[in-house]
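Just so it is clear, A, B, C and D label the chains in written order, and each chain counts residues from 1 on its own.
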Amino acid sequence: MNDPGRSGPAIDLSTDLCGIPLAGPVLNGSGTFDALAARKAFGDELLNDFPFAGFVSKTITVEPRAGNPPHRLWETPSGMINSIGLPNPGLSAFCERDLGPLTELGVPLIVSVMADSAPGFAELVEAVGGRDGVSGIELNVSCPNVHSGLIVGEQPDEITALLESLRGLTDLPLIVKLTPNVANPELIAAAAEAAGADAVSLINTIKATAIDPDSNRSWLGAGGGGLSGPAVRPVALAQVRAVSAAVSIPVVGMGGVTDGSSALEFILAGARVVAVGTENFRDPRAGQVVRDGLEEALHRRGFSSLAEAQASTLS
Amino acid sequence: MAAERPIAPFGRRLCRVGESHATGGYRIFSLIDEVGPEPAPGQFYMLTAAGDWEGAGGRPFLPRAISVARTSGRKGAVRLDFLIDVVGPGTGRLAGLVHGDGCHLAGPFGQGFSMPKQLNPDAAGAILVGGGIGIAPLAMQRRALTGRGVASRTLLGFRDRAHSGGVEELFGCEETRLAFEDGSSGHTGYVTDLLLRMLDGDDSGRGVVYSCGPPAMLEAVRRICADYSVPVELALESPMACGYGACFGCAVPLVRGGYMRLCVDGPVVRGDEIASAMAGEAGAG
Amino acid sequence: MNDPGRSGPAIDLSTDLCGIPLAGPVLNGSGTFDALAARKAFGDELLNDFPFAGFVSKTITVEPRAGNPPHRLWETPSGMINSIGLPNPGLSAFCERDLGPLTELGVPLIVSVMADSAPGFAELVEAVGGRDGVSGIELNVSCPNVHSGLIVGEQPDEITALLESLRGLTDLPLIVKLTPNVANPELIAAAAEAAGADAVSLINTIKATAIDPDSNRSWLGAGGGGLSGPAVRPVALAQVRAVSAAVSIPVVGMGGVTDGSSALEFILAGARVVAVGTENFRDPRAGQVVRDGLEEALHRRGFSSLAEAQASTLS
Amino acid sequence: MAAERPIAPFGRRLCRVGESHATGGYRIFSLIDEVGPEPAPGQFYMLTAAGDWEGAGGRPFLPRAISVARTSGRKGAVRLDFLIDVVGPGTGRLAGLVHGDGCHLAGPFGQGFSMPKQLNPDAAGAILVGGGIGIAPLAMQRRALTGRGVASRTLLGFRDRAHSGGVEELFGCEETRLAFEDGSSGHTGYVTDLLLRMLDGDDSGRGVVYSCGPPAMLEAVRRICADYSVPVELALESPMACGYGACFGCAVPLVRGGYMRLCVDGPVVRGDEIASAMAGEAGAG
């Protein structure tokens, strides 16, 4: 996928994420690219030209979930709100039906999981961690803990307790997906690192809502949702920067990555790799556009490799 | 048992606008697609005007789902015609496209209409019931039926003359029966009056119905067909971010519980799959 | 300033904010309109046609502040980041030089104040509260407390302690300007209400940063800043809605208000009045545009008065 | 002691583009302002193309500050000419404006150039030193000086021919001395070489200097004038959100400590007020 118009020699984009080798630094954001549905829509051309260097699954839960009632989408200035509500087939159907095809994509697979209790997370981590073809597990911690009622991802103590209970269950890298809806995400990230997380990823969507233009109601069936897209990029960059400065485990940066320049901004802010979310909806090949654009941006800025940019500290 | 499904080239592609013109209250424009397959009737594309898509107030931001209304082969390319009803910033931009402008296209996506025999092995013919902008996919289906030698009758309803754009152009000299709510011509009232009359006079067990139009019309058609036990396929709408199954945003509630992704398992759905054709409406659910 | 093209009868837009009578529900956001500078640029036409029904001063501190080093601005997708750093002449120069002219604007004056200690706030509240022509005081609580090191606006306890120490010092309404950079702004708002606040205003800007496109540095002189404008509107609406549901004191809603429709969204989300910030930079008359547009939007939606919309609860 | 300051009508107003054309590497376009006063040389306007301002990627979002390069009276209106150097999305939009397009205008804003006697009671004449897009406000000032019978000499520097747009048009037949870094004509080198030569040969105590151009050039001019004790006024740039003192974003560090708002107390500043003309540069401070 080298752009024939690009000038200069090819730049080495290979990297790794806590032991997961990656041909390039661009993943998808969980829940923003369904590789199996995309294969149905685009056929095998998708596999020949898979847009991401690693694939992150949609978040799965122990039990199947139907997701939220409509409406689930609202377009906002330079962004969108979603209130999808984590529809997924549940752990066993995922393992039996989806996992096989997902391991055939030709890139490392990271499975995203969520539960509302530590035993729930443990069940997911053990089941997924025991399957062939899984390279890592992302822990989506934005759900309220059924025992404490607290949102796990908002409380350092909850994160510590969760990670300690999971750490012994798998040798796979555990990536904690942070919520942006806290005053100091770096405290959560530091707690995750101390308790054994191998990486953190951020940002998830920012709490948001929309009012129906024609009635006194919420537009979204669930009453509220999360904001993503270029509108949130400045917030994501600030959080990635604060978190990167606070931890030494790698950071997956996301939130409004749309092109090579925005990807480079995340790398300079401290991210090791980036993930593309909302932009996939605007362009199914966005992952490649970002990858190729990053190569171009590195070249323009005089970096001779990705590693050089990853190592450069922002002043 | 659904119709075969053309596969979209991976990604989006920049196409040129062939021509564009006003028709009734709507606008028709064509894109020349040099890469994609011939779409099936009822399929749709995700469109993004190149260059100046994002407009005042930061919208449109996402691409817009638009049904294909007509196709015609050109040497090494397909010409795709779209019928646009301007309701907001996205359709406004698309309606402003003129010859030579660029427009990104992804698709064709989704499950289109079935053939009558797939819905009812005894089916002898079809009735197409449409209204407003919903006539676009029906025009495609009518041509496909005619092409396969399947008899069909077309019933179209409009609020008034100003909202009946595209009929002559898309249905040409094929016979259509029209209803106008304001009585400006044809039958005065709803298109569902025409459908009821037709089903009452028919051996309805031998037909199938295809419908596309405003949610209230679709829901009335769905109920009538259920009452008369006539198989019906409805082309629905719902807000879509991606069109290819990535976002799970286009959920439509199913009778059997849960939701379908309309962009993957629709936009054409069987009447008996859904509890209501109005579920995608504001605040529904 | 009635738009001659507007259809329907005039709609009553008068309202009040915790005892401050207002001819309409549109204020300015603190720090986004300098009425004295505007008077210099636009002359007396400004006063004949003042765009806001109440004027909120830029935040003042006890000592003068020069503000942050440049760059202080960065344009973002549908928004902007500022890192202005609260330049202001300090309490005494403000009282001697600026306060007089500000009381001549012909609309109620709300003075915004900030300090990094309770005694600092007390000095500001006493001094400003003792002056004629001031209708209310807005407490900007986004600064770290010099004693606890905690950001006052992020901690319910800190807010309680601050309000309790200030409540006895003035009879003027005290409006607490909330920070959006917390998981649950409604908890802060509830603490403010319980400790005697008369109103809350939100949102202030969301923590954000920008990377210089041409070097490995932060674009902003201060390293980071705050995001505002239409990009943040969906977040602001969610917070206004959550806060309005949690308190019974009035809420001043802001964050990306640009026109009548967006103002109505805030009212329906529970705000009593709205404030216009960033949009003032795009159009100096934005306050009037919003006011006139709101009248139009109320009419279109079938409300016969502002009060009716204010009373309508969102389902 | 600054020049008198025309007052802007309150708000922004929609104006029509009179004409637009390319000139060298730049673009000139004119707006017909039926409401505002004649601006003073060195003042600027905040411009926002109507309709399609917000572009791909959500920018431009804020208005853009542009100096007025030339004015001409028309019956009941002022024609304002702007010289545009396309460096990003905002200037790109403005450069795309053509006859009849709408553009919102707020201003005139800021403090323009003084007259020589205001800077130096003994001043007998003035030297204008400009480069690149900075020639725009100097062209205005040169006309004002000529109009008041003040002798002035103009020194302009450019990287190359391609970046010398607007010179002939804005300075017409008035005498200018040109320097080109690439030696394509005139003096080969910097415009500051010409300035040094002129000051060395002059009774410099009797002149004043006005300058506008790239920060590095302005800083060189500022230092030279300080060395020669010649009063100098520099038209600076800094990122601006509002242009009328509302945002405090356009801070420029002052020699005496603290910052000025460039839109209120500038954009024309005295050389001795600022520590450096490069303080607004990336990462400065």
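Annotations
As a working rule, a contact is a pair of C-beta atoms (placed from the backbone, for glycine too) under 8 Å apart; a residue touches a chain by one contact, two chains touch by 3 or more.
What you see is a predicted model; the values in this text were computed from it and never measured.
Listed here as common contacts of chain B and chain C: A, D. Chain centres here are Cα means. That of chain C falls 35 Å from that of chain D. Centroids of chain B and chain D (each the mean of its C-alpha atoms) stand 56 Å apart.
Chain A and chain D have CA centres that are 47 Å apart. Annotation for chain D: residues 54, 57-58, 283 touch two or more other chains. Of all residues in chain A, those that touch two or more other chains are 74, 76-79, 214, 217-218, 229-231, 315.
In terms of inter-chain touching, the protein chains here all touch one another pairwise. Here chain B touches chain C in the complex through residues 57-58, 283, going by the rule given at the top. Taken together, the chain A residues at the contact with chain C in this complex read 74, 76-79, 81, 151, 154, 179, 181-183, 206-211, 213-214, 216-218, 224, 227, 229-235, 237-239, 241, 256, 261, 265, 268-269, 301, 312-315.
On the side of chain B, the complex with chain D involves touching residues 51-58.
Considering their complex, residues 31-34, 36-38, 40-43, 45-46, 49, 58, 66-80, 82, 84, 87, 212, 214-215, 217-219, 221, 229, 231, 278, 280-285 of chain C touch chain D.
If you check the complex, the residues on chain C that touch chain B are 77-78, 230-231, 258, 315.
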